[in-house]
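In what follows, chain A forms one complex with chain B and a second complex with chain C.
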Partner chain A sequence: MKQRHLLMALAAGLLVLPIFYSAPYFLHLVIMIFFYIALTEAWNILALCGKVSLGHAAFFGLAAYTSAILCIKKGVTPWIGLFPALLVTFIGAAALAIPLLRLRGPMFTLASIAFAEVLRRVAMVWRDLTAGAEGLTIPFVPGWQNLTFTTKIPYYYIFLILAAGSVYIVHRLYYSATGHHLRAIASDEEAAQALGINTQKTQLIALFWSAGITGLLGVFYTQYVYMIEPEWAFSSALFCLQPALNGIIGGLGTVWGPVIGSVLMTPLGEYLRSYLGALQQGLNFFVYGLVLIGVVMVLPGGIVSPLLSLFKRWTPSKAPALDQGGKVR
Partner chain B sequence: MELFIQVLVSGLLLGGVYALLSVGLTLIFGVVRIINFAHGELMMMAMYLTYWLCQAHQIDPYLSVIIVAPALFLVGMGVQRFIIQPIFDSSALMKIFVTVGLFIALQNLALMLFKADFRTIQTSYAMSTLEVGGISISVPRLIAFCFALVLLGGLFMLLKLTLVGKAMRAVAENRVVAELMGIRVQRLYLITFGLGSAMTGIAGALLLPFTYVFPTVGAIYTLLAFVVVVLGGLGNMAGAFLGGLFIGLIESISGVYISPALKEAVYFVIFILTLLVRPQGLFGVGKGTEEVGLK
Partner chain C sequence: MRLLQVDRLSKHFGGVTAVNEVIFEIRQGEIVGLIGPNGAGKTTVFNLISGLLHPSQGRIYFGGKDITGLRPHQKSLLGIGRTFQIVRPFDGMTVLENVMVPTLVRHRNPQKAREMARGVLRDVGLDAFCEANPQNLPYAYRKRLEVARALATEPKLLLLDEVLAGLNSREVSEALPLIHRIRERGVTIFMIEHIMTALMSVSDRVLVLEQGELIAEGTPKEVTENPRVIKAYLGENVSIG
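On to the complex of A and B.
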């Protein structure tokens, strides 16, 4: 049970961290790590069944816009607004469900990109509702009701809960019957179906969990940054490519891969953005693209699997608590 | 009514260039069997090259094709040799990630080199039009359309008549048997990728006199090429050509009658609908499409 102790120590450390060190820049970095852990875990649920979505910004943007518009125009607190936001996200997910069930491989990925792109353009054009490219600003009324704060500490805990919650959900899902079905679908959809797995239902469960967590993140993250505009809310770089990159670097279709990927890539991303990005616009993402190509060529299983073998050598526990970093075919 | 005919003509002319772009994609897909997410980026590179040749060396965009096409041929071969070939036998997911990585890298390379500005070139004929029976035809679009038709005709001849073309069709039909018949498949992949990229590059050069180039332009053209290719039937050359004309028409009509800002949204919706309702495309698919997700 060494791993459980390790997790508890980690949780305790994270809970008290802001008491000891709360420089705003540092807290922002940790919040971004938590955000990306949750987003990558959400994206990863769909990757468990071998489907790569590059359209998750659609779910993020739909939920973010719904709660932001309700908050700004009707004064609805995001705590209530997140329910209609999730509803709209699930309607979006239902729309993406059709390509998910009918297409596989790159064709589903393309359809998902087009899906997010359509929504972004609609958000740009529907000025009455979204104010188009100018964007909407969340009124700054500090307090829990409006979810806007003068310090970053409340958001530290909000995103800590979201990150821990999504890791927990993926962990539970991974070892449930549905999780096994998802992996069966990833390795061979026809064979899974022939064995009596309801592949459609299983994939829908994955899609709705994935979309729901992403939508929830959209609601909270928009309150955190105070404003929303289409290029940001439906940004493929921030909410589609980044979680995919974190996922593949950590290890696709594993529980801890997204965590490791986000912990590594978020500081790297922030560093590249502030140093290289200042040096030359675009250099940071250029490096990202090369990293992605390099990782796929050199470590196609992500870095979880080699790390795990090291980890197992250090902690000779027999419990197979962590999953194998994997081939998703 | 006159407006409608005007819209049709201008859409059809645009569609010719889209056909060229999409035939390039179909060629690569049909033979190499890879969905290249960086396809539009190849076109973006060609557009910037054309822009640079015109700005720095005053080379006419149509003349610059003799530089752009070989340059893109080499780029395409490089992509195949150094990026696709090493991962050729890995899973579909890995192929997606590699080409997505390439797409991110190229897009941001363009951002580094050219900044986020919208750029185009000024030519003496950019605004000139021909009047035919009350319909005005934009000269650059007409030139682009004719150019594209000639090239497409050339490609079809190449595929039908030459040994390389026959080898390409053989590999598209059945890679293993083609290899057993003594075709050097890896080398043919290089040639095919180069040729498809060159076609795409020429399409970029032809578009530049009447459109803009900016770093993220490639993503739009990647999706556009896939819309056309899926509509025409994946791996189906003639389908890609007709699909290109069709999407040109759709873009033109929706730009006028719905909203210019939503014209891309309209054909993305058509894309998703086609995938759902008739995934084999309007004109039937080529071989091997089940591998990439069309059942």
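On to the complex of A and C.
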């Protein structure tokens, strides 16, 4: 099977890449791509059932703060800390479940923004726990126990695993019973119910997977940057808008859309931040907006849709496509 | 044997009474038609039975069990399938995937669910279009897809909401044997229909609804000869043929 060979070649290439080229800036860029692939895939799980969240920073921040505080104040290794971190994330997800099941369309999106914003404020004000805007610093003790390293190479592999794992989970989910049901809910919730789907339960499964992976990323990414403060941990630009943007540009509710979106947008973002950001703060977001409008107008299904049809032509599947594009009559 | 029993069912929307104290029952293996002028409350009755709406008053029994407060997916699992008047295939999914959505409810294994879905599509004559995008199908075929999806829930009672509406006479005559075949497999059918000739040729009994009230009940012949029905419904707009 051609597709499998292609994936294996890609995996092998990524595994040996740091051996050949390990300039810190380059590795950082690749790590950021991996991070955003995983974050966008996590966000995408909820998008599968048609729910656009702009509050995923809440899950990121909750998990990041839980494990960071345990690490700094109690010396708990993040390997253990990620379990309470996930627990706190799931409590947060349970809170967001209420608007998820009750509000439709843009109303849920608005509620999700408020959700992350409230948590950001709480983290600002709760100085005893979070040190407020000053932030907390992760003690630098190199080694796997503390997940802090003198080079970027271990983090390259950690985020490679997280990115590959997220793509794998979404791939498995997409073709499972739950995946079909999520896509049906995205299209028509009432019809889905009438066909026997417990739409509430199915959406909760999506929410908890989505929140869980986002939380896990919060734990690892905080160790990577050594510090945490509310504006960063609950940043809507970094952890709400960016995955949504990557997902929409790549292809909403598809398996490979988030990968393509992240691979294209992360380097663009880094480039724009370093070149345009120096000119005028926020100019990079202006260019982002233009890219978004362009893609949505020219390719409403995201960049993945023409790529997929190209890929399908290149690797013919067993079942003949009967009426691609044309009417049957 | 009584399969469905509806007891003094009412539904009010604010001050409007859409369904008013309706009583009827459907026996196992029957094909029962539900007719009435536009706005008579036919689809509301279907929405109440399938659980998309909650009744204001009254009870619904299915197979002797009170199912009044159950949610739509629970009723589907018990064996009440339905189609929608306006066909709404799931977009972004192929014809086969559309039918897999319900088969995956009872069979979580995608392989098994795919086989089941293929079988259902064969039964309704859509097996050539498995990989097609439903948006590209002609209207009559999209209607069939709607029936296929409902059949794929493995219903004991199938609620068909105007599956013949919008079809030309040739398409109607192709669809009628399908309805008979569904019944021969032991599925009881309750159908809303406007095309009287078609309804009269398939149904054992017809219920007539007017302004939310059941005004007549009987064989198609009895109903069409009932003066009250003629006055309320057929008198102003007889659609024979």
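Everything below uses one rule, namely that the second predicted complex is superposed on the first by the 312 of 329 C-alpha atoms of A that agree within 3 Å, B and C clash if a C-alpha of one lies under 4 Å from a C-alpha of the other, contacts with A are read in each partner's own complex, and residues count from 1 in each chain.
The definition used in the following text is that a residue touches a chain if its C-beta (ideal position, glycine included) is under 8 Å from a C-beta of that chain, and two chains touch if they have at least 3 such contacts.
What you are looking at is a predicted structure, and each value in this text was computed from that prediction instead of being measured.
Residue contacts after overlaying the shared chain place A:Tyr175 against chain C, while chain B stays out of touching range. In the superposition on chain A, A:Ser187 makes contact with chain C only, while chain B stays out of contact range. Looking at the shared chain after the overlay, A:Asn198 reaches chain C, while chain B stays out of its contact range.
Set side by side, chain B and chain C differ in how many residues of chain A they touch, and the one touching more is B. Of the two partner chains placed by the overlay, neither chain B nor chain C lies in contact with A:Asp128. Using the contact criterion defined above for the overlaid structures, shared-chain residue A:Tyr288 touches chain B, although it does not reach chain C.
Overlap of the chain B and chain C interfaces on chain A comprises residues 327-329. Residues of chain B touching chain A in their complex: 35, 37, 83, 86-87, 90-98, 100-112, 115-116, 215, 219, 223, 226-227, 230, 259, 261-262, 264-265, 268-269, 271-272, 275-276, 279, 291-295.
On the chain A side of its complex with chain B, the touching residues are 50, 52, 54, 98-99, 102-111, 113-115, 117-118, 121-122, 124-125, 236-237, 241, 244, 248, 252, 280-286, 288-293, 296-297, 300, 327-329. Residues of chain A touching chain C in their complex: 175-177, 180-181, 183-184, 186-188, 190-199, 253, 319-323, 325-329. Interface of chain C with chain A (complex): residues 50-52, 71-73, 76-77, 81-82, 84, 88, 90-93, 97, 100-102, 104-106, 108, 110, 113, 128-133, 136-138, 141, 149-150, 152-153.
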